[in-house]
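In the two complexes below, subunit A is the common chain; its partner is subunit B in one and subunit C in the other.
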Partner chain A sequence: MTNFLYAVEVMINGLMAGVLYALVALGFVLIFKASGIFNYAQGVLALFAALTLVGLQEGQIPFAHLINATLGTELHHFGWHMPALLAILLTVGVMILLAIAIERFILKHLVNQEPIILFMATIGLAYFLEGLGDIMWGADIKTLDVGLPQGGSMWIEEKTAVLGGDGFYGFFIDRLDIVAALVAAVLVISLTVFSQYSKQGRALRAVADDHQAALSVGISLRFIWVLVWSIAGFVALVAGIMWGAKSGVQFSLSLIALKALPVLMLGGFTSIPGAIVGGLIIGVGEKLFEFTIGPMIGGATENWFAYVLALVFLVFRPQGLFGEKIIERV
Partner chain B sequence: MNMVSYEPFVTEDGRTIGDAVMELRNITLRFGGVVAIKDISFDIREGEIRAIIGPNGAGKSSMLNVISGFYTPSEGEVWFEGRKRPQMRPYQVARQGIARTFQNIALFSGMSTLDNIMTGRITRMKSSLAAQALWWGKAEREESEHREAVEKIIDFLEIQHIRKTPVGRLPYGLQKRVELGRALAAEPRLLLLDEPMAGMNVEEKEDMSRFILDVNDEFGTTIVLIEHDMGVVMDLSDRVVVMDYGKKIGDGPPDEVRRNQDVIDAYLGVSHD
Partner chain C sequence: MFYREAGDFKTSYTQDSQTFPIRFDRFRYYAVLAVALAVIPFVIDDYWASALIVPFLIYAIAAIGLNILVGYCGQLSLGTGGFMAVGAYACYKLMTAFPDINIVLHIVGAGLVTAAVGVMFGLPSLRIKGFYLAVATLAAQFFLVWLFNKVPWFYNYSASGQISAPERTVAGIPVTGPNTEAWAQYLICLVFVVVLAWAARNLTRGTVGRSWMAIRDMDIAAEIIGVNPLKAKLTAFAVSSFYIGIAGALFFAVYLGAVEVGEAFGIQKSFLILFMIIIGGLGSIFGSFAGAAFLVLLPVLLKNVLVGGLGWPTDLAAHLELMIVGALIIVFLIAEPHGLAQLWRTGKEKLRLWPFPH
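Now for the complex of A and B:
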């Protein structure tokens, strides 16, 4: 009985972790759907967004090290502490400016190029942003505090303690994870409403489907790209906040993008629900696997389980759970 | 505003068509060393059906792409509604009121018929992203107005039964019809049709011909069309431009063009009396 309850607890925690994977995967799907670009920089985008948020909030002077080194000054802080909400809004602004710059300096010059060329460009972008983040805000590990609740939920722990009798203390579920799940749900619903019912959403789907036809009905591809990258930047910010609050803002944040890969293989590169379900499956799968099989083979299975699962999926269902079936006419 | 005025032109079936909506002046289009269009001039007048014909590779589609802004001419000027058009991107041309269909259907295959035609209204939708988010009621009212216009087009084209079907699953003839619907939804000043009847059977061709004539008749839409089927062209069009190897070799009412010796030599190659 207690063992079963532990398994349930592990599953719930897996679901919560899965939500965070799904958040990152969502950013990939948005850009891939609209422009056919696999955006390698999505993880770095999340890192950059989180760095900017912390920097703004703490009143850091951007490029302080660079300025001090060249001019011999001693600048570090503006000396303010910005409210979290204001800092988030400003960061959204920065992400939109970044989207405009990406369109202006990269995408515009690569129209009609092969997908692999665009992919390479996003790799370049990833390293550039990583460096830019370092120079702007410094490379030290920062704590991100936007006032999200932390620690286990006492309420859930108490309510579930009665389930397992004496030896059981109740489920431990991080309140941050619960917030993340709620935020992800709101994000997905609003993105779906936006893409189904708004003019820009319809234009976005049109561009995803056929560039030429989209042009012929008066849709500006450049505007749509800026829009898509802005939304992806916003999703990256949300993911950056959640991950950053959990484990600090540091370079390794950009590596969560690698965890999004198996999620995408599972869910399909073109499906928003796929990204969510894929994330949940990976989250639950790796936690349960670690819980049940892990002890037998020495643990640390969470590092590789997701990729193996994705490989298995590639063999049996290459388009993913929800992806569009790839049919090639001969 | 120096709208060029012409002698009223009376078509073969007795209708009078008006001033030039568009004038193409000395258009030349080069791709590297290849000359696709060589110094071609003609006009398109209010309310007419203007056909562009010619053998394969004559430059007809290139011409249509110049008009719709997909290609920028190497030389020459495009005049639209009495004004010289600056270099424009295709979506800007579309926003000026020039709608088009494609030779190889370009629909949004994942979307339903209704949604496809709805995208045609994009140039006519006003409320911005912010307004849509903040003032839902107004955006909703606008949406339903556009829905009404789209439903009319669906009725007109007799495609009520496939309103909700993803267009990727429709047979070819119906896809062509949906594409026409999407172009019509923009209520264009100028409608460009690139081989609207290519690959259709006789019955589908008759349907499409009827729709094109009705559009011209009921909405007074000016239409430019490229077509291979000579019978169709002669029946539908008021005036015909004939192209061959990127040059214009004939221009006039169908009957006149039919008698033009250059045209007969280059294109028809038959019926020497």
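Now for the complex of A and C:
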């Protein structure tokens, strides 16, 4: 009985981790739907957003390290402490500027290239942003605090303790995870509403269906791309805040993005609900696998379980759970 | 002036289809070989060998291997680091299990083991394509690294979890282990590079190479004209993994000597080698060399200029290097998708008409 309860707890925690994967995966799906680009840089975008947020909040001087090294000065901070909300708004601004720059300097020149070329370009972008983020704000691990609740929820622990016997103290669920789940739900609903009912959202879907047809009815492709990269930047910021608050802002954040790839494989590249369901499956699957089989084969299976699951899954259903069927013509 | 085919008459089909149809190219090739074999071993010292030349040679092998898969057959792989790890660990197991057999055979054996593993992870490529396949190869990358970390049999139950190469000799001269001279390291890598590059160049000109390229350009169309996709894709995975496995074995046994798998063969290595072939040129053997040389040289150069010349801290230089590499990838993809190899080709075309271009 207690074992079963532990398994349930592991499962719930897996669901919460899955929500965070889904948050990153969401950004991928948005860009893929609107421009057919598989954006490898999404994870680094999240890292960059979180770094910028922390930097602004703490009043760090951008490029301080570089300036000190070249001019021999001793700059560190502006000496203010920005309120979280203002810092978040400013970071959104930075992400929009970044989206404009990406469109202007990269995408515009790569129109009509093969998807694989675009994919490799985003790998290049990921490296560039990683270096830029480190040079601007420094590479040390930072703590991110925007006032989100932290630590286990006592209320849930007390309420569920009665389920088990003496050795069972109730489910441990991080309050941050609950907030993340709520935020993800709100984000998905608002994105769906946006793309279904707003004018820009419809334009976005038109571009996703057919670039040329969209152009011919007067939709500006460039504007839509900037828009969609801005939204992806915003989603990245949300994901960055959640992950950053959970485990600190550091390089490993961008590796989370890699985890989002198998999530997409499962859910299908073109489906927003797919991203959520895929995230949950991967989150629960890897936690349960680690819990049940992990101890037998040496542990740390979380590193690869998601990929192998996606690999096996792909062989049987290449388009994913909710993806559109892939049709190829000569 | 010198670089032209005028006056270079071909009187047989063999001559007509040779690798270097222009005489100047042929002589240049022999001259490079002669310098590499007869001059460099005598002048090479430890710094040059360990900082530039040996890594360049080993990465060139890996880049040729990846280029066969990505550039010639069009199957994107992000599992290069994992496959290099297979080569390294296979080499280690062979070296310790059969200490009496020549190290060269161990390295080739490591290549064969990697080829088998590569074919196994290549099987999904029959059903999935493009970046779907890239993610599938990521599974290989993470799974293999985890496997070598967690299963003690692979590192012979050593306490540190590392593997380190015992001393092995070729004709009485140590080529692995701490007593290896720089020139011996260099020569064994060079021999592998020359043989493998020659084989790759000829494979890609022949039937196998053409079927790879047909699959790359449009797999359905290739199938219709009679290319067997199963055979073409799996041979590409096998040959590519063979090369990468040999590169991994050399990297571990000859170059590093001791290896910790997550550090030496992590995902960063996969990207490094992918970048080499993007910058060097997809679908070109020369490009693999050019890209490997470029990305081995760049960090050393930046470090000398920024840290040595301007006195920057090393971490700043490392971050700037990331930015430069990323920006270069994008610039190359936009301006010259066929990489340094295409620049070289354009240069040669210009040279043929020089000095009278009209």
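By definition in this document, the second predicted complex is superposed on the first by the 328 of 330 C-alpha atoms of A that agree within 3 Å, B and C clash if a C-alpha of one lies under 4 Å from a C-alpha of the other, contacts with A are read in each partner's own complex, and residues count from 1 in each chain.
Note that in this section a residue touches a chain if its C-beta (ideal position, glycine included) is under 8 Å from a C-beta of that chain, and two chains touch if they have at least 3 such contacts.
Just so we're clear, the structure is a prediction, and the values are computed from it rather than from any experiment.
When subunit B and subunit C are set side by side, the one touching more residues of subunit A is C. In the superposition on chain A, A:I297 makes contact with subunit C only, not with subunit B. In the superposed pair of complexes, A:P83 makes contact with neither subunit B nor subunit C. In the superposed model, A:S216 makes contact with subunit B only, not with subunit C.
When the two structures are aligned on the shared chain, A:H109 is found in touch with subunit C, with no touch to subunit B. No residue of subunit A lies at the contact with subunit B in one complex and also at the contact with subunit C in the other. Across the complex, subunit B is touched by residues 197-200, 202-203, 205-206, 208-210, 212-221, 324 of subunit A. On the side of subunit A, the complex with subunit C involves touching residues 38, 65-66, 69-70, 105-106, 109-110, 113, 115-117, 119-121, 123-132, 134-135, 139, 258, 261-262, 265, 297-301, 303-304, 307-308, 310-311, 314-315, 318, 328-330.
Those residues of subunit B that touch subunit A in the complex are listed here as 68, 70, 89-92, 94-95, 99-100, 102, 106-111, 115, 118-120, 122-123, 125, 127, 129, 132, 139, 143, 182-183, 186. Residues 74, 76, 123-124, 127-128, 130-132, 134-136, 138-139, 142-143, 145-146, 149-151, 218, 220-221, 224, 267, 271, 274, 278, 310-313, 315-316, 319-330, 333-334, 337 of subunit C touch subunit A in their complex.
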